[in-house]
Amino acid sequence: MPIARDDVAHLARLSRLALADEELDHLAAQLDVIISAVARVQEVAAEGIPPTSHAVPLVNVFREDTEVPCLTAAEALAAAPAVEQQRFRVPRILAED
Amino acid sequence: MAGELTMMTAAGLAAAMAAGEVSALEVTDAHLARIGDADDRVRAFLHVATEQARQAARAVDQRRAAGEPLGALAGVPLALKDVFTTTDMPTTCGSAILDGWRPPYDATITRRLRAGGVVILGKTNMDEFAMGSSTENSAFGPSHNPWDLSRVPGGSSGGSAAAVAAFEAPLGIGTDTGGSIRQPAAVCGVVGVKPTYGGSSRYGVVAFASSLDSPGPLARTVLDAALLHEVMSGHDPCDATSVDAPVPPVVAAARQADVSGLRIGVVPELSGEGCQPGVLARFSEAVELLESLGAKVAEVSCPHFSYALPAYYLIAPSECSSNLARFDAMRYGLRVGDDGTASAEEVMSLTRAQGFGAEVKRRIMLGTYALSSGYYDAYYGKAQQVRTLIIRDFEAAFEQVDVLVSPTTPTTAFPLGERVDDPLAMYVADLCTIPSDLAGNAALSVPCGLAPDGLPVGLQIMAPVLADDRIYRVGAAVEAALDSRRGHRLLDQAKGLS
Amino acid sequence: MPTAALMPFADAVTRYEPLIGLETHVELGTVTKMFCGCPARFGGDPNTLVCPVCLGLPGSLPVPNRAAIEYTIRIGLALNCTIADWCRFARKNYFYPDMPKNFQISQYDEPLCTGGWLDIWVDDPAADGGSRPVRVGIERVHLEEDTGKSLHVGGSTGRIHGADYSLVDYNRAGIPLVEIVTKPVPGTGALAPEVARVYVTELRDLLRALAVSDVRMEEGSLRCDVNTSLAPDAVQWGTRTETKNVNSLRSVERAVRFEIQRQAAVLDAGHRVILETRHFHEDTGETTAGRSKEEAQDYRYFPEPDLVPVAPSREWVAQIRAALPELPAARRARLTAEWGLSHREFSMIHNAGGVDLVEATVAAGAAPADARKWWLGELARRANESGAELAALPITPAQVARVAALVAAGTLNDQLARQVIDAVLAGEGSPDDVVAARGLAVVSDEGALLAAVDEAIAANPDVAAKVRGGKTAAAGALVGAVMKATRGQADAARVRQLILDRLAPG
């Protein structure tokens, strides 16, 4: 099933990628080809086969509830594009949480 | 003297330093000089940490002089893929979005190297966020194959492979998610290993595909790779997916190098269609060689391996679409478009559009698609089921044989620019390596000769989960036999830098 | 902005059946965060309680806090849930600046605990004994990580709308958060707002008893979202709204009440209730529209690849169960039986925060009725006056028991007892100290009493005459005179008896 350009534009929005029109066209064409190729997995009969999320089967890996030294605020903020009042300054947020 | 030092193996250098024949500083300076000579052509390094390396080397010399116990690779220089966090060097992951980023913490592997006295010469080039098979996806330009500078060194750990092949460092570290250590190793004519998943800590390794990423060693000999494997591996409480078991005895296995009586399986699904004739020829010879060394060879079909590539190109992008969401201009890295009126959402989108390259964007969108409600079951869900079937294929195969073999990659190094516009053609380079990433088992690539085009071919050896020693045993046997048959080292034939 | 139209509450619940559901987020009181060793502390200088993991720095990896898992199982068991044999964490993907990774590690289709309930008692004049039991079904209890906190700068309200930019502090990011989701609660009718409030109150008390959180709504360690919908009949449920920013128990009740009234008005006008998130306003008691939920967010959940599954052994679960304290429901059942109270009566003690106090007073020897009388009577009044909590009053259950004992023994009467209590509260010492120091003991010396009685009779001859004449009611004035003469330190009933004996005809 080919993927429509609108769908690709939607994916770009969901992924926070501001693509220019030509880029969108180009990527849409490529994605279409790739999706058709990877869709081959649907040929495999996998009735009753459990999916694998972890190749090596470990369970119950925990840490104890004891403190470990933190970063200093200076270290945490060192690479920040903008800082104010020892916080990360970010542009105005549109969406309500 | 400097020229000789750069020709030596890590084991040889370690022994020479231990014997007091040469200092760590001399060794480091020799390699820095080589980088100065060759890297304008190879472009393996994104950042050469001259001062830090010399300081680290001096510290090793001081400790040795003071009679302190030192690690097996103390003083040996190493090229570190730029995906590992280092506090004293930038960590860019080959991406414009992290250009100049200085992490406030070291990766566990970085710490282990430093604790072991290994000298990190610098950070090497890679495909952006480990996505690619040629380093052409690096935001800072590709690296070049020392065998032929007009060709790719493979990827995504192409920088580390090229550095080792160009004698700029005896050791390299990369990460392997779909083949990104083994494939560059094969096309550069060096040894590359993907340990059992979880065998080497991922803490501080910028994530591409979490359930697949595997840090591993690159070197010019199997023994050197084994020595590095031991230094960098082992359980890490900071990584919940890290294996809590002793590191398999890889160094002992590399020294043993005996395959008599070993059962070896050839996987037809990985050694036919799509493979260059020259690659197949060297591969067949390698299999015959193994037989002549006493191994028993049989064909073992792994039917679901033909679906490994599409499964991988659903699972990896899905995980990466999520892993790369954090690059949003809010806390570190590139910020674009913050003119005081733009919203956070706009700044995020503009930054990511500018900061990410085309392949990364493709995979993010592919992953977002595969995880979308309505598509999850048919794509991501299905791919994870195929993954189970691949794991079962391996388990069934390893009941019949001790190791599986195949060519590491279908072709020799392709020319720069040949596949950049054809993503699918690029993906095919991972055909033979992907199954082991999906299943998490150990795999190694060892050079097994040159194709008629004069370029190196790699033999891939695969062993069950936690049986990493087996791949070293077989790899060392092949290496020893081929070296003795050839009469000189393979890399002596590399014409690219002469 | 014009206020929404509202239908009177009584009409709304007559015409429409309300359906409520609650989602509560609880910050666990573990020492460290969910996936890293940073302190899980409230307050602290901005961005000083952070590390690569909770900042989501490239290359960082989460490792789950064992204590958080245990606390969650504890909560699940206390809510009668089934604890999963095997479950995983999942990534909930969306972009928001207070979430460092732009995904939240949570649980999706494999929560740690499922299918439980919490029994609550709601005051209902129409019910037997004035109190109605409601079983609130629990859909699931799962574990996730909290986000950072943003300050929105530039707007007039401090909220997002109209802000110029925001400042983010990640100290809170990564603190373990348990999400408790109820099943929809039908059949509450006019009691819906109270049911919601009582549920949150009981849940809060339960969590406190389990010592898993300090559950302070005002500090955000207990957060509540309320879902409300109306149905014209019991067959089909209407569209629900989710109300957020409900920061106190009272707000829970007010929010439900408002939504019922608002939605009823919407339906009555022939419109549709919109599936949306609403924001509750403390000052006005109203809700206003927030984000539309019509286009439900696709969070693209998938199992968290950086974490391995959690498979709590049945032994571990049994250990946790064995260590549970007496749960509020069991305690209620026990004490109502022991004290011979109705559920409504127990609720009164419970709502006043007096259960522990009454229980301790009974343990110190008082009769339950007496303990209850003092704590819910005089002491509750004093607490209200000073704006303090009952438990904060400077008097101990043992002391209250002593006062009750003194009254029972006849040493004090009620009036004197009140004086003793006041004195203890004022810091004059123990009840015995006060009685001794102030000489407050009831005059028990018959001779002294008789003398006082005779004096009163002599001083009030006409009243005495009336009593002699058979008007025993008139004795009251003489009792008063004796009480005054003895400065209240007489047993009024005894005095009255003495007077009547003295003035008995013939």
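So that you can tell them apart, the chains are marked A, B and C in the order they are listed, and the count of residues begins at 1 in each.
One rule holds in what follows: a contact is a pair of C-beta atoms (placed from the backbone, for glycine too) under 8 Å apart; a residue touches a chain by one contact, two chains touch by 3 or more.
Keep in mind the model is a prediction, meaning the values are calculated, not measured.
Relative to the centroid of every protein C-alpha atom shown, the closest chain centre, again from C-alpha atoms, is found for A. The two chains most heavily joined by C-beta contacts are A-B.
For the pair subunit A and subunit C, the distance between C-alpha centroids works out to 41 Å. Spacing of subunit A relative to subunit B, judged by their CA centroids, is 24 angstrom. The distance from the centre of subunit B to the centre of subunit C, with each centre set as the mean of the Cα atoms, comes to 59 Å.
Multi-chain contact residues of subunit B (touching two or more other chains) are listed as 101, 104-105, 211, 237, 240-241, 321, 325, 328, 330-332, 344-345, 348, 368. The multi-chain contact residues of subunit A, meaning those touching 2 or more other chains, are 14, 16, 53-54, 58, 61, 63, 71, 76, 88, 90-95. For subunit C, the set of residues touching two or more other chains reads 52, 55, 63-64, 95, 97, 164, 166, 168, 298, 302, 305, 307-308.
In the complex of the two chains, the subunit C residues touching subunit A come out as 30-32, 36-39, 45-52, 55, 63-69, 86, 88, 95-98, 150-152, 154, 160, 163-170, 277, 279, 290-291, 298, 302-303, 305, 307-312.
Within the complex, the subunit B residues that touch subunit A are 101-102, 104-105, 196-198, 211, 237, 240-241, 243-244, 304, 307, 310-311, 313-314, 321, 325, 328-333, 335, 338, 342-350, 352-353, 356, 358, 361-362, 364-366, 368-370, 378-379, 381-389, 391, 423-424, 438-440, 465. Contact residues of subunit A toward subunit B in the complex are 3, 7-8, 11-20, 23, 27, 30-31, 33-35, 37-44, 46, 49-56, 58, 61, 63, 71, 75-76, 78-82, 88, 90-95. Per the touch definition, subunit A reaches subunit C in the complex via residues 14, 16, 53-54, 58-68, 70-73, 76-77, 84-97. Against subunit B, the residues of subunit C that register as touching in their complex are 52, 55-64, 91, 93, 95, 97, 100-103, 164, 166, 168, 298, 300-302, 305-308.
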